[in-house]
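Okay, here's the structure, questions in a sec.
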Amino acid sequence: MKIGIIMGSDSDLPEMKKCCDVLDKFDMEYEIVVSSAHRLPHNTGKWAETAHDKGIEVIIAAAGMAAALPGVVAAHTHLPVIGVPLTSKALDGVDALYSIVQMPPGVPVATVAINGSRNAAHLAMQILGVKHPTIAEKVKTHRAQMAAEGLEKNERLQKVGVEVYLKEKN
Amino acid sequence: MKIGIIMGSDSDLPEMKKCCDVLDKFDMEYEIVVSSAHRLPHNTGKWAETAHDKGIEVIIAAAGMAAALPGVVAAHTHLPVIGVPLTSKALDGVDALYSIVQMPPGVPVATVAINGSRNAAHLAMQILGVKHPTIAEKVKTHRAQMAAEGLEKNERLQKVGVEVYLKEKN
Amino acid sequence: MKIGIIMGSDSDLPEMKKCCDVLDKFDMEYEIVVSSAHRLPHNTGKWAETAHDKGIEVIIAAAGMAAALPGVVAAHTHLPVIGVPLTSKALDGVDALYSIVQMPPGVPVATVAINGSRNAAHLAMQILGVKHPTIAEKVKTHRAQMAAEGLEKNERLQKVGVEVYLKEKN
Amino acid sequence: MKIGIIMGSDSDLPEMKKCCDVLDKFDMEYEIVVSSAHRLPHNTGKWAETAHDKGIEVIIAAAGMAAALPGVVAAHTHLPVIGVPLTSKALDGVDALYSIVQMPPGVPVATVAINGSRNAAHLAMQILGVKHPTIAEKVKTHRAQMAAEGLEKNERLQKVGVEVYLKEKN
Amino acid sequence: MKIGIIMGSDSDLPEMKKCCDVLDKFDMEYEIVVSSAHRLPHNTGKWAETAHDKGIEVIIAAAGMAAALPGVVAAHTHLPVIGVPLTSKALDGVDALYSIVQMPPGVPVATVAINGSRNAAHLAMQILGVKHPTIAEKVKTHRAQMAAEGLEKNERLQKVGVEVYLKEKN
Amino acid sequence: MKIGIIMGSDSDLPEMKKCCDVLDKFDMEYEIVVSSAHRLPHNTGKWAETAHDKGIEVIIAAAGMAAALPGVVAAHTHLPVIGVPLTSKALDGVDALYSIVQMPPGVPVATVAINGSRNAAHLAMQILGVKHPTIAEKVKTHRAQMAAEGLEKNERLQKVGVEVYLKEKN
Amino acid sequence: MKIGIIMGSDSDLPEMKKCCDVLDKFDMEYEIVVSSAHRLPHNTGKWAETAHDKGIEVIIAAAGMAAALPGVVAAHTHLPVIGVPLTSKALDGVDALYSIVQMPPGVPVATVAINGSRNAAHLAMQILGVKHPTIAEKVKTHRAQMAAEGLEKNERLQKVGVEVYLKEKN
Amino acid sequence: MKIGIIMGSDSDLPEMKKCCDVLDKFDMEYEIVVSSAHRLPHNTGKWAETAHDKGIEVIIAAAGMAAALPGVVAAHTHLPVIGVPLTSKALDGVDALYSIVQMPPGVPVATVAINGSRNAAHLAMQILGVKHPTIAEKVKTHRAQMAAEGLEKNERLQKVGVEVYLKEKN
């Protein structure tokens, strides 16, 4: 059981590092490759086609601009593919969002927020949690931690007030 | 094993019927409810919280406008939630798309295309296919059928030419 | 009589501090909490439901991205809810604006400008002014002050000219 | 106690009729006028300035295109002003939304959805409910009715299924 | 010497018929196929890779929504690829435009207007005209015809006036 | 004969200084005031109404966000009003552009580019040139100067080449 | 003294007819031609260059899509040029709006609303009114008529109420 | 055989330098000029008209804002014209994209990505490759190099892992 991560360019790596960090925290094994849909179409297609045989159960694909990568990967596998639209110099990521989310019937991509690399990891964990109860437990634990942290923050805010809270944060 | 479908208004039903039709074709069991995040928040939250215990493994949530439903459902369950942004009278569905896809870290929604109700079904099948090999087989079979139909269409086009093809289609 | 302020994340606090500053200037009591619609749905719902009993008469809710918070709060109370869409890294706040303003019939959110936290305070004062004549007087006084300041600025501009005015400002 | 409704053109009346219908249902008195910010600036300003003296407690202002009306009305009164952006032939109402919601500090407009005339009425009721407990009760009753209707719809859907439900609706 | 036309779905054929009509007018040979980038990735890639060997000198690729087809075709050939973004039910073709035009460095797509299928034909002719002087002549002749027709229309307008001209047109 | 310049806030002055600089270069007299449509509606209306009597022949009105100022000024005068949409923190000036350009029939605003304060000056000169031949001459002279400068730049580029030209520029 | 109207295609004539109708009402002489910036560049440039000599004092230029016409006309004359962005099949006129309003420094186009052909006429009248007092009087008279009609409409609405008013209108 | 590059302003030169760099790498001769469609219309038109006679086979035209240049150049030549939309201070290049890509039937512009100056060079090479087999070879070689570099990057990533790779890159 592992997750496959693919991105279109190594300039996407700083953003996708956050995805890896989340998976590391969950002790989830993953394979991460860089392979462009436009510059390495055969390599990309082959990686997607062989992903299942290598034990990959969910794929995360990230790309910017005319972000064909998630859709192309989805075209080559029956595994669920999570798409991460990335911002580039112009258009603020809307180009990547539309290129990823607007897939035609039959070949969906599970799209997360623009630069939502961390949520791609969380969504992958939830999908794996359908099959693996231990992962579902991890998701639930993480949810409880997030909730606890949120409550703590609010308690601190109530205790010290806005000005002190803002000073402590900076 | 079943899929839960929730939509914010019964005016969403004609669109979501297409989702049901896909699931019916796959002989997949599903439960479909209408419950607004804004008009029935308790009911909606409770449905999401109890979904897993009722055997639901993946949730499809559809809504238009300030489409909070998929995110609210995701907030109440560790199951993967697929969001379907629906067009309404103004803004052509961009409002719903942004309201669904731009989820904060930790609580993702797997967003499909605007009015992409059929793809929500396909994505749910792919997610269930991770766990259930028989479903993965169905996904693969469907992919093969789509491909075969595509090839057939092209063969017909090659054979009869553009004008006859268009006449036959209408 | 007080105002309730809720925001989805403590990263929203620097922006909402400006809202508090306006209310402080008006000597208006307020309660400010941080509670996410997606990470703490129960806490958030309960806060909204009990707001009225704690003497809160108007609610200000601020959030960014898929900004479900104002709508979710509105779903749990009959009090008027003012929504403040916040900018985040991508999409320049349009995502939050659409997620907040496009509410379905029956559960409105009184939306102000993107990052319009100060105007949320002013609008809350105007709403309370309907009930409390002393607050209506404060709103009118503030309007007169704004007008007087505006006239003074123009008088200075007429007196010193564009170049000197710009130097004095910097 | 009454609500003032102002719109920029009598072509806005079919949309604003829905606002009146909601207020009629609540037995709420209102005054409705047509007066353009651009064609009748003095008349519009005077109406806004005298609104409070005529017993108006909340104002609803609707306009399309470069929808200056709500902001201009807000500039002439300390009463809370609810703005309704209307669609016109081009731009799908985004022009009106931006023209209404993006007010500068000190003069807010409580903006509702594009063509959200019914919600303008609901929001006005909620604002009046801060002062008038009987109106707050009406709001709560309406909320309960909406919830009950929503539950009924879902019960019917559960009972008859998707196909029959859709047939009954049409 | 011929032009290759590929589209993602046979629902694109009515629009692409206009492209064929222009090429027919120029007596230009073309091959037209339907093959989806997402449903028939291998077929599509192979068609693009073998295009040059079949005598195709320029490719026109048309698609809607997450319009990966032109970019995917471009990834599989060194021939110039003209992309035609098509409108679909939502987003008015902006999704297709961004998916086609925003290609990464090294793999360009020559993008024409949304639903600009006729201009795809004209652009293909201009590109072929670089190599084939007879085609360049045809382009120049067509330009001259367009100009003559434009002048004639204006002369008619000057002669009969606006009202008669409009009547004659309808 | 003079030009009236009005802006909604003194924070618009750095941008409008560029407008003044153009007018100074043309030795054109102007009056520049700061007066908000929303904070000083009466003052603004009165300034517009008395502009003609003070010898103002064209008005330039600049504002950001819900930029009602140009339209409100236009509502109070029969003089031509040039509107300058300004960028603010969010929405990149699109809000101001739509608020200014989308005026209803009968009360137009002559809109220039976002932050197009210099072009507002040029347009004002062209409008005055209709009446004053000496100003028309100045416009023509400026056009010739722009053309000459453009030609010089190109000659320099041809002479020194891209690399040297870029070094000289920095 | 006359106004020049130019449009890019005779398909723009139904919209520009409304512009002519306004000018006819004002008894204003005009010359109307159809000449594309892209299909008849020389003709278009020459028309613009000779406009002044033919007694044209203001130019109205209308175009859709990549609406270069108004800017190209402005490049060939020192006369003020009013640009009318027209909607076409896709993009709802935003393409034309941006193509017309975003002119570079030195060559402005006075842009009116999308499909704002009537306002182009009104703006032309206001510009001519700077020079010709009789035209300024006509503009003032028209403003007074608009105001009177607006007041009448409101009086009728007050008298007969919403329901009767709507019936009378239809 | 050479390529003609034209840009609207010398402020576009830093971006277009990247286009030149690509052509230099391919040892492709080019002529680069700066000539605005709006400030130097005759010069620009003449350059386009004489381009073919000077041995230019493909034209690259770059401009920002109301980017008429590529279309105007296309209007004056039968050569294929590649358009490069450039970002300016506001609107993030969408204005230039729409102004360039939305050309009317008969006069296409082959549009590349916003700030896609490098791809303009690659597309020009592909177009020339239709005629010149040696250039087609160069394009194929460059494609192979890009692919090889992509594979190398991935091999390095597989070898050293995410953290080391990111350190090496910075």
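Per-chain numbering from 1; labels A, B, C, D, E, F, G and H assigned in written order.
Criterion: a contact is a pair of C-beta atoms (placed from the backbone, for glycine too) under 8 Å apart; a residue touches a chain by one contact, two chains touch by 3 or more.
Everything quoted here is computed from the prediction, not taken from an experiment.
Peer 1: Quick check on the contact graph: shortest path length from chain C to chain F, in steps?
Peer 2: 1
Peer 1: Spelling it out: a chain qualifies if it touches chain G and also touches chain H; which chains qualify?
Peer 2: E, F
Peer 1: Could you check which of C-D, G-H or B-E has the same interface as C-F, with more than half of the contact pairs identical by residue number?
Peer 2: B-E
Peer 1: Is the number of contacting C-beta pairs greater for A-E or for B-E?
Peer 2: Here the pair linked by more C-beta pairs in contact is A-E.
Peer 1: Once you find the CA centre of chain A and the CA centre of chain H, what distance in Å lies between them?
Peer 2: Using C-alpha averages as centres, the distance is 33 Å.
Peer 1: When the C-alpha atoms of chain A and chain G are each averaged to a single point, how far apart are the two points in Å?
Peer 2: 50
Peer 1: Return the residues of chain D touching two or more other chains; collapse runs of consecutive numbers into ranges.
Peer 2: 36, 39, 65-66, 91-92, 94, 101-104, 106-107, 109, 113-114, 143, 146
Peer 1: Which chains touch which?
Peer 2: Pairwise, the chains that meet the contact rule are A-B, A-C, A-E, A-H, B-C, B-D, B-E, C-D, C-F, D-F, D-G, E-G, E-H, F-G, F-H, G-H.
Peer 1: Once bound in the complex, which stretches of chain G touch chain H?
Peer 2: 8-9, 36-39, 41-42, 45, 65-68, 71-72, 74-76, 88, 91, 94-95, 98-104, 106-107, 109
Peer 1: Hey, which residues of chain F end up touching chain H in the complex?
Peer 2: 87, 92-94, 113-115, 143, 146-147, 150-151, 153-154, 157-158, 162, 165-166, 169
Peer 1: Can you tell me which positions in chain G touch chain F when the two form their complex?
Peer 2: 57-58, 78-80, 82, 97, 101-114, 116, 118-120, 122-123, 126-131, 136, 139-140, 142-143, 146
Peer 1: Okay, in this complex, where on chain H does chain F touch?
Peer 2: Contacts found on chain H: 10, 13-14, 17, 20, 32-36, 39-40, 43, 65-66, 89-92.
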